[in-house]
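Can you read through this structure? Questions will come right after.
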């Protein structure tokens, strides 16, 4: 169990290259637009104005990183009344990407004040369901496989509503949505323990998401957002259980210190992300190398870092940690585990985590005609400056003011 | 929705009396013995030495409170090698109580260092299973319906063991234990997110307990320990979900500020306990007044308060909060909820919680020939002083020293 | 230590009346306007549009509760460029209230993206300081004693800035602000461990607020916002320490389950609020009945409950809990504490908390010509419906649309 | 800001070597003995029986790592009644180490049930003070500079005691202890928010430790135990503030997922440890390279890993993370921070953290005649097997049984 020397062995480099070959991560359209906290937004001149801009930005990210071929979209924000799905597909194609997960939005309209699928009012529930059915239809039109369902539903005060009734309304709504899926589509059910409902969220943890997905039907799985957990909760264990139950549908990646902070992945606790990836490699090892189908998606919209830098940095960190986790020798690990050799077993994870894989990642990039350092390449590309200029002018022409208010 | 005047209406008093008539709570044998924290124990002269003492103390608690007819026992501590279950039944009878839940102990022996049901070593797993089967047999001999399963299993370091393998070992062990149940017995599967395993506990949350109970068989349900949750987790929501899934088996009651602090129930957050009871009354309302079968059990062994005082205080607080929760008018509440009248709905819970039910509780006690204030009655009874004298002498005779060490 | 019978003794009623006589609580102007979460706002027709509306609403709250004579204002939102402080004073007077704490806002403008007093850029720091000095001047003009300072400053990523440098910039800025105070003014320095800065907030806890207030000067004290603490943190202990150090300046009241949820006071954990008030009564007992000067302020702007209902409910809960805490017999408590009689000591707090003080509170209201139930009185007053009508029309006339966007 | 290539530059290697030359870390005598959780101990045959064993083990750790020349001792456990300090010094010398911090123990004896310095009973307070004065005298006799004060004091139930009175008792006790220090001694005041007191600990956070240390006198500073913080609390910020106030006395290192789990350093969140070290290097950079005097100490006594392996692994991880943190180019970092270039600034920390420093650490070991991999060297040394044999026999001879009980 001796400490490793720096520099990868040939075998290790191959494992990194193989891991990167099969790792793709989806970026979200809303990560390219101005967003903020409830205290306000900090605006960026280069922020995307419309879906075309977002697809262009996502294309730029894919051009530099080579592993982000798809873009998650938000129906309400990206498919305004009367928009043409076929046109969106064309726009995406022009930008070098395709449309990924479709995200309905059933939290923003005033009718959802007391919830969407969980609302005590049947009219609001029906509206939410219809929006989801419309989203499924759009997904079919744009060739999207995943419908990502996050609900802001819940209650903020004890007694506000009956939690069992809300559970049943959710079960009913999800079953109805599931009925409309085509055979290759999948519902991803997300959970979140807190915010914007403050006393209770209707799908608060993975157990609730699991039960609702199970009752919805065979094409529903659980979506794990790394920022949606209690403090000190062991996320990788949840991943392991969902894998074992064949109920892990995908990830929304981001990082946080306290709540759902939307920080870039790995910025606070990179070792945890590594351990999540380790569970996936470990599962695949037990499946003789066959990896599970998992939708890896970024879900961040933090408002301080420049939008494209934040996204590229995130993707680079994800690749790096996925590659490090690929270095663990699972056969040897099992031996240490069986022997109860805690220190040797743990050291295998630590050793993989502290191994510097950058040279191998650069090698992979060169093999694919990508820049050695996508972030540096972005900075020297002029893309952001150009976008800032063009979009500022367009904003002026459209009369859009980048200003916000709290109260 | 006007504020109430002090003093209960006749209808309210009747609801309190009816609620108390159907509310019983089990006390644990280990709550009468000296226990401590890892930093040491603080000893009490009146602490129980053996099972006979514990049953006697439990009998005293039942005599004063009238709602604690059963006693949970720990197999390892209370049924030493060669003890006769029939004799235990007789002892309990003499003390005016009967044996309640049987708690196997598969965490204390050295062989369980790496776990019991989850241990990578089959020998340790087999020993743990055998102890559980023995416990089921003892339960049958003493006429006990509930087998309470809490496992200390887990890992303390990343990589220490394979979490999916541990899950499968647990599923297998629980199925084997379930096979041995007689038709009227029930397995209660407890979860705990933290301690004594520090990185990952094998049954970390209600979702894991639910899945394992489901896979074990129809006579397995989930046991909710109020101290075993993440900070800020909404326990009453979990209770609501388990009720709706008909998977709530029972409670281990205690309170805590931070972790599993074993404080007396309601000492830190009484409103949360009230809300838990509210969910149960609300469920029964929907079932036309039929209450679910739930094993209410105390699980505390804090080491500062005098043992019997702590237990009686806990029982009194539990009765009080259960009675307050019985005051909520569910039919009216549903109307407010349907109308989205958050303030009126919430006020119904707040009003019930702030209603002073002590007079009605005293009425109930008098109806049952119990002292008005069981705690005062304990203090004037001389029971504790007598126990302290007799047990101190016995301890001396047995050569037992009340002393501890940390390192 | 016997349990009490329902209904207050004469002595208890007098204590409640005396406590209510000396308890006043300030409402915030921003609690009357539409606010939301980062996911959107839910609008209310009756929400205030301008400062006049807010003062009118605050006046209505005071008219019904009799204990909210002052209104906290936000300089940026309530004193737009060119507004006349004297006119504001007149408006307040017309509404039956006076101006309370002045809250500068140094987080909303784009220049504060990297902070205000902590910003690495001296220009931004200077702008923030100037705004605070202007706020102090306004305070002097409107006769306000308290300058409430909450800073959104901090960093969201490790390495983003030097934490020691930021600390020193804060010390310098606060000293400069302190220099401008008139002799009867006070700086209140607030802390917050999280949000909107996500990695580190510059004034993260009471210790940091204490050190900065101390270094600013003798007229700076600490402001405790009940929602700004780590999970499981003992807020009443912080209150006790600040009282003992004579550094407690005031409170921002609200409640929360997880973060800074802006829920109405006591909605999640009323016993904690009671314990905070207990510390204050206990301190005054040691000071022979002289109460410390503390600015009690509400800081909530939750977006689900009707604005005025939320505020009145909050004030009623605050009065109730303050009154309950006044029932503790401190002389007797000290005896139990000295004897190490944990159960008897704790029971004194529990007994006071469970005592129903509503009749005494109603007596106090009648003595002051107030309605028995201010919330019911609001609902029957027609005030909200009238405000909704008038403000909706005004909004239409002004072209204000109640709509929001996330991205 | 391009990504680095693997392998250190000459300049980087020199920085690692220089950092390791000035980094020493103290191991604790209690880390070599059997310890456990409240659920029991898992015994190790090689565990130390007495102080001689502990010093021998500490000597072995220092022999293999070259950076652990001192050993922290616990007065109660290591200096039994009648032990001779001069003899202890000789024993340490024979084992190749010297005595480091002296830790009084005022939590284990029965008289401390309600506290030591904070106890309402003056007799208990006096006993605790006397033990501390004795400890200071022992420290003088063995040439120890640091008196580490951790208090288990606090209360477990609301109302149990007066928190302001306890604060004042602590201030008085600490002042009296400070009076007895010789001019080169230092009191280190530790804080802990939770456990074994469960409602309130008397020195709950760094702010309380700071105030008490300040009031004790100039030779009192704050001791930061990495496991003693609220979830999500930013420890490195506390370190930065204490450094800036010149009040950081030392560290107790360990790691945890939830509470004070006593896991080996860096096993759960290595990036946080790195960031703590970064603050120290950053402070020294501002002091023109002069490092502050900080007592780095391990405080772990986890019961699963083999004792010596756990200690050596901890020391190796500490060296590695300290070395990585030494790689940050502070002059360049300041430029990025001044420019508000968040991504470039953060990347500097991430780059240093992901740099593989193992080769440089091995170089340092070879320069000092140490084994390349101290853990491997321990395993092949035969030391543990020899200790297990010898100590098992001695245990038998002494009649010591390695067995535990919970209740």
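In order of appearance the chains are A, B, C and D, and numbering begins at 1 in each one.
By our rule, a residue touches a chain if its C-beta (ideal position, glycine included) is under 8 Å from a C-beta of that chain, and two chains touch if they have at least 3 such contacts.
These numbers come from a predicted model, not from an experiment.
Participant: Which chains, if any, touch subunit A and subunit D both?
Facilitator: Looking at subunit D and subunit A together, the chains touching each of them are B, C.
Participant: Quick check on subunit B against subunit C: do more than half of the interface residue numbers occur in both copies, making it same, or fewer, making it different?
Facilitator: same
Participant: Compute the distance, rounded to whole Å, between the mean C-alpha positions of subunit C and subunit D.
Facilitator: Result: the chain centres lie 40 Å from each other.
Participant: Starting from the mean Cα coordinates of subunit A and subunit C, work out the distance between those two points in Å.
Facilitator: 38
Participant: Which positions in subunit C are in touch with at least two other chains?
Facilitator: In subunit C, the residues touching two or more other chains are 113-114, 156-158, 193-194, 199, 231-232, 234, 257-258, 267-268, 271, 304-305, 342, 346-347, 350.
Participant: Give the list of subunit A residues in touch with subunit C in this complex.
Facilitator: For subunit A paired with subunit C, touching residues are 30, 33-40, 42-43, 74, 77, 107-108, 110, 113-114, 152, 156-158, 193-196, 198-199, 231, 256-259, 261-264, 267-268, 301-302, 304-305, 402, 404-407.
Participant: Mind listing the subunit D positions that touch subunit A in their complex?
Facilitator: Contact set of subunit D toward subunit A: 1-8, 231-232, 234, 257-258, 267-272, 304-306, 309-310, 313, 317, 320, 342-343, 346-347, 350, 353-356, 358-359, 362, 372-373, 375-376, 379.
Participant: Sort out for me which residues of subunit A touch subunit B in the complex.
Facilitator: Touching subunit B from subunit A are residues 113-114, 120-121, 156-164, 167-168, 193-194, 199-200, 204-208, 210-211, 230-234, 236-237, 240-241, 243-245, 271, 275, 278-279, 282-283, 286, 333-334, 337-338, 340, 342, 345-350.
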